[in-house]
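Each of the two complexes below includes subunit A, the first together with subunit B, the second together with subunit C.
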Partner chain A sequence: MKENIVIIGGGIAGLEVAVQLLDLGYKPIVIEKRDRLGGHVADWNLLFPDMIPARDVVGNLIARASEANIFLNTEISFVNKLKDSYNIMLSNGISINTRIIVMTTGFALFDAAKKEEYGYGVYDQVMTNKDLEHWFNTGDDKRVNDSAMNAVGFVHCVGSRDEKARNPQCSKVCCITAIKQAIELKQRFPEAMVYCFYMDLRMFGKKYEDFYINAQRDYGIRFIRGRVSEVSENIDGRVIVKAEDTLSGKPVKVTLDLLVLMAGIICNTDSTRLANMVSLPIDSDGFLKSRDNVAEIIESPRDGIFYAGACTGPKTVPETLAEARAAALKVHLFIKGLK
Partner chain B sequence: MIYQGKQKIWADYQKEIPDNHWFYVRSCIRQNFFPGAEKMFLEICREVLKKDFYETEYHTTCGGIAYHCDTIPQETVMTIVARQFSLMTEAGYENYVASCITSFGNYIEILETWREFPEVETRIREMLWKACRREFNKPKYVAHASDLIYKYRNEIASRAKFRLVNRFTGEPLRVVEHIGCHYSKMFPSKGVGGAEYPYVLCGMIESWGGNVIDYPERRHCCGYGFRQYHVKANRGYSVSNTYKKFESMAPYHPDFILTNCPGCPYFMDRWQYVIAETEGKTYGENGYGIPVLTYEELASLVLGYNPWDIGLQLHQVAVEPLLDKLGVEYDPSEKYKGLNEKELSRPELPGVLRCC
Partner chain C sequence: MDFGFKISPSSAINLDNVDLTKFEELHRMEPDVYKCMACGSCSATCPASPFSGMSMRKVITALQRGKEKEAVAMLRNCMLCGKCSMVCPRGINTRHLILSIFRIYREDGK
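After this line comes the complex of A and B, so read on.
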């Protein structure tokens, strides 16, 4: 069907929208600024709670979306609002006129170096959740020393629910991701002590609570309710973590071979830039603002512009895929003039 | 340790420090602890660097210690500070530099409070007027005196007679830097280098040739902590904090400790004697302690001043091993001579901590 549909962002949300639209007989255009598809999920190793390989999920989506017009290494130079449509100029010089834009611009990870007290980028043995996934995938990170991995810590909510970091919202997936990563590390280093420092654990999803119980019962992972106050480096290069155990009411101090910071989810600055081009509103949490946050989360206040995935706030993979399918249906109805 | 990571943070926390024309206010307690420090600050700024620094005998305490001990309300402290600002205004200055870290933190906290709550400033102005018929302008810049030595560090380095290099080994001296808690922990953007990795003393050490040691308890309180020491029953907390720091830094074998707070050099110096007497432990080489210097004392040594003229004989921990490493010449017989060559009485030597 001859209708330009532009999907901005080639992560799992954008790919799923493309897959659904292809199934409906359209030929969508996917714009991706990176040199590959799959977004953040493509950087991940296994997905909770069933430990499905992320590459299988992403690979399947890429294969099914291959008939779409996909532009890699391409950014949006500008978007002009015309009378009934939008003119999009791409960085490769191509101009597209369209009535329909689907924003699947996703999220960005909080820069953990901003939490200076945790020492990311300063102390050798401090990494982020993303760095750890990279090591799971490639085995390439000198911070993980196979022969000396006796104690590992995870700090939850790094840059999430944090007024000081100007990021008050919950990143939603970090609790369960930390548990997943803690279990994966424990599987690889069964003798290692693994600690999770948390504010509270939000086990809202299917099987999450079971996963959490498994982590304690089957893997002996220790959960300490309390914020980490400071991280420092020992003379042998290991990191010393000070925290408060608010359940026992005592300060704790542990020496670790590796500290993993669960960097939170923040709005992608590309989303904000694009929103400014077409006057889309930004919500109080910094993410794109939906028409309403209950019944119309995938609709923008502007006709022809739809949202899917984490551009409107932190989402799990199943939530993102469900939103993408809903957005594709909305696009179809819009084209048919039914909405 | 990733040095570039620290550099990135330091770049984010640089503050504007005017080069000249400062209204200087002394500390209540530093002149009793290490009296040479403040004298040498003015000597270096005025006589060596030819800068304009003004001070007045009408300046009083800022009330900071009483405030942090919860013995006077903040409105009282604010009115005292308002009076100090009126002295600055009267003298025709706009740049205000405090010798004391707690005063510096106090001034910053009050100015920030007034910025957030202008009605409080209005009330304080009224109270000052009622109390002593004075008015004031707020300072354009507030700095701690260590900010100034940091700013002048390269100029001092260019005039230096000694570098922070061990003349016996040719290696840079290993220096622990200790920042007063009230310098930037409350307002990170007001301190050079921020709160987590302050650069103000590191910058001096690097500029003068030394190596900075980062050790696990670097951020920990020196042990003074007003309510720890001023409440007699709590003094055990004070020395236990100091003990924790020394245990943490000991494996790095520091040659000396550099500080920018009134209490820190005093407590880290004197408690080494107490730790030696109670625990039998010393932290320097050959039974000595680790010398603890103020930044003014260090700048003076680097510039070649006589160690006894800058008051180093008032340290409990012997500074002679450090002077030997630096290559500073000194006459041991002059150590306890006062003005006009008058021989002062010599202190009793401790039993465990080795002293000269």
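After this line comes the complex of A and C, so read on.
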């Protein structure tokens, strides 16, 4: 079939859309700005809730999508709107005419250094959720000192639920990620005290509450309800964390060997830029705006342009994959003239 | 001299100095104590709570934060009626837990 289908973003959303369209007999084009596929998931280690290796999920998708036309290191230079199609100019000089675009540009991780009071990039012993996944994958990070891991803290909602950080939204996946990572650290350092500083625990997904109960009952992880207000460094390079323990109504202070910031999920400025090129609207949360947020989340207000995954808001892997499959079906119906 | 205000001892919790030896002993006897999610069902149903401020939720938190005296003093208002055990959504046998707390903490908590 010669109909061109352009998928922008080669994360798991884009790859899954490509896989489904290949199975339906199409030859989709995937455009990825980075030098590798898999998006954020390629940076993770084990995925909640089943703790399967992220490498397997991504590897499997890449293998199954290999027949697609994949352009790495490629960006969209500009898009011209034609009568009922689009002319897309790629940074590698190739130009494509298409009626169909699937936006799978995903999210960006909040830059934790912007929350200066937490000292990311300033104090030695402060890292992010992403850095910790990197350490799980490589064992390479000098902030994790195997011989001195007596106390570790996790800070929830970093750059989320925070109007000052210009992101009032909840990032949805970081509560469960914090608990997953807290358990993983406790497995490696059973003697360490592990604290989670949270405002609410949002254990919305299948089996997430089990993680919470396990974290408490089996791993003795201490949950302190209160937002960390400030972090400082003491003379030996450890960090001192202050918060209010709102359950007892008292200020609380603790010295830690490692502090992990749960950086939130925000809109990717690249998707916003692209959205402008094809005049797609942006929703009040900064993500791409769907036709509606109940029944038509994967449909843009423009005919022939579809969405899948975290470009419309924080999503888990299974949610992303389900949307990608639905988007592929929409593309198929669109081509058949049924929609 | 009267400055018009007085300074009370700091109520701040310094987790670096909290001695959890007794709490760990309690945990060995009552593993479920770790499961409390501070929902407050126990306190809401407690017949002693409206009159005395008794709150099982606060007792469990206080013990973990090293405020043992506070916890034991509060527990003196408990009538061991067991209502709290019936409502705990995490299935903690709070009445049994209270008895164990007394066993472990009583001496110095009087």
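By definition in this document, the second predicted complex is superposed on the first by the 339 of 339 C-alpha atoms of A that agree within 3 Å, B and C clash if a C-alpha of one lies under 4 Å from a C-alpha of the other, contacts with A are read in each partner's own complex, and residues count from 1 in each chain.
Basically, a contact is a pair of C-beta atoms (placed from the backbone, for glycine too) under 8 Å apart; a residue touches a chain by one contact, two chains touch by 3 or more.
Owing to the predicted nature of the structure, the values given are computational and were not obtained by experimental measurement.
Peer 1: Considering only touches as defined above, state whether A:G121 meets subunit B (first), subunit C (second), both or neither.
Peer 2: After superposing on A, A:G121 lies in contact with subunit B but is clear of subunit C.
Peer 1: With the two structures laid over each other on chain A, which partner does A:I213 touch: subunit B (first), subunit C (second), both, or neither?
Peer 2: Once the two structures are laid over each other on A, A:I213 reaches subunit C alone.
Peer 1: Does subunit C touch more residues of subunit A than subunit B does, or is it the other way round?
Peer 2: Of subunit B and subunit C, more residues of subunit A lie in contact with C.
Peer 1: First (subunit B), second (subunit C), both or neither: which does A:I235 touch?
Peer 2: After superposing on A, A:I235 lies in contact with subunit B but is clear of subunit C.
Peer 1: Figure out whether A:D245 sits in contact with subunit B (first) or subunit C (second), or with both, or with neither.
Peer 2: second
Peer 1: Tell me which partner A:V254 touches in the superposition: subunit B (first), subunit C (second), both or neither.
Peer 2: second
Peer 1: Once the structures are superposed on A, label A:R222 by its partner contacts, choosing first (subunit B), second (subunit C), both or neither.
Peer 2: In the superposed model, A:R222 contacts subunit C only, not subunit B.
Peer 1: Given the touch rule stated above, what does A:A113 touch, subunit B (first), subunit C (second), both, or neither?
Peer 2: first
Peer 1: Where on subunit C is subunit A touching in the complex?
Peer 2: Within the complex, subunit C touches subunit A at residues 11-16, 27, 31-32, 34-38, 57-58, 61-62, 64-65, 67, 90.
Peer 1: Which stretch or stretches of subunit B touch subunit A in the complex?
Peer 2: 1-2, 5-6, 8-9, 194-197, 214-219, 251-252
Peer 1: Looking at the complex, which residues from subunit A come into contact with subunit C?
Peer 2: Per the touch definition, subunit A meets subunit C at residues 193, 195, 212-213, 216-217, 220, 222-223, 225, 245, 247-248, 250-255.
Peer 1: For the complex, give me every residue of subunit A touching subunit B.
Peer 2: My answer: residues 113, 116-117, 120-124, 230, 232-235, 240.
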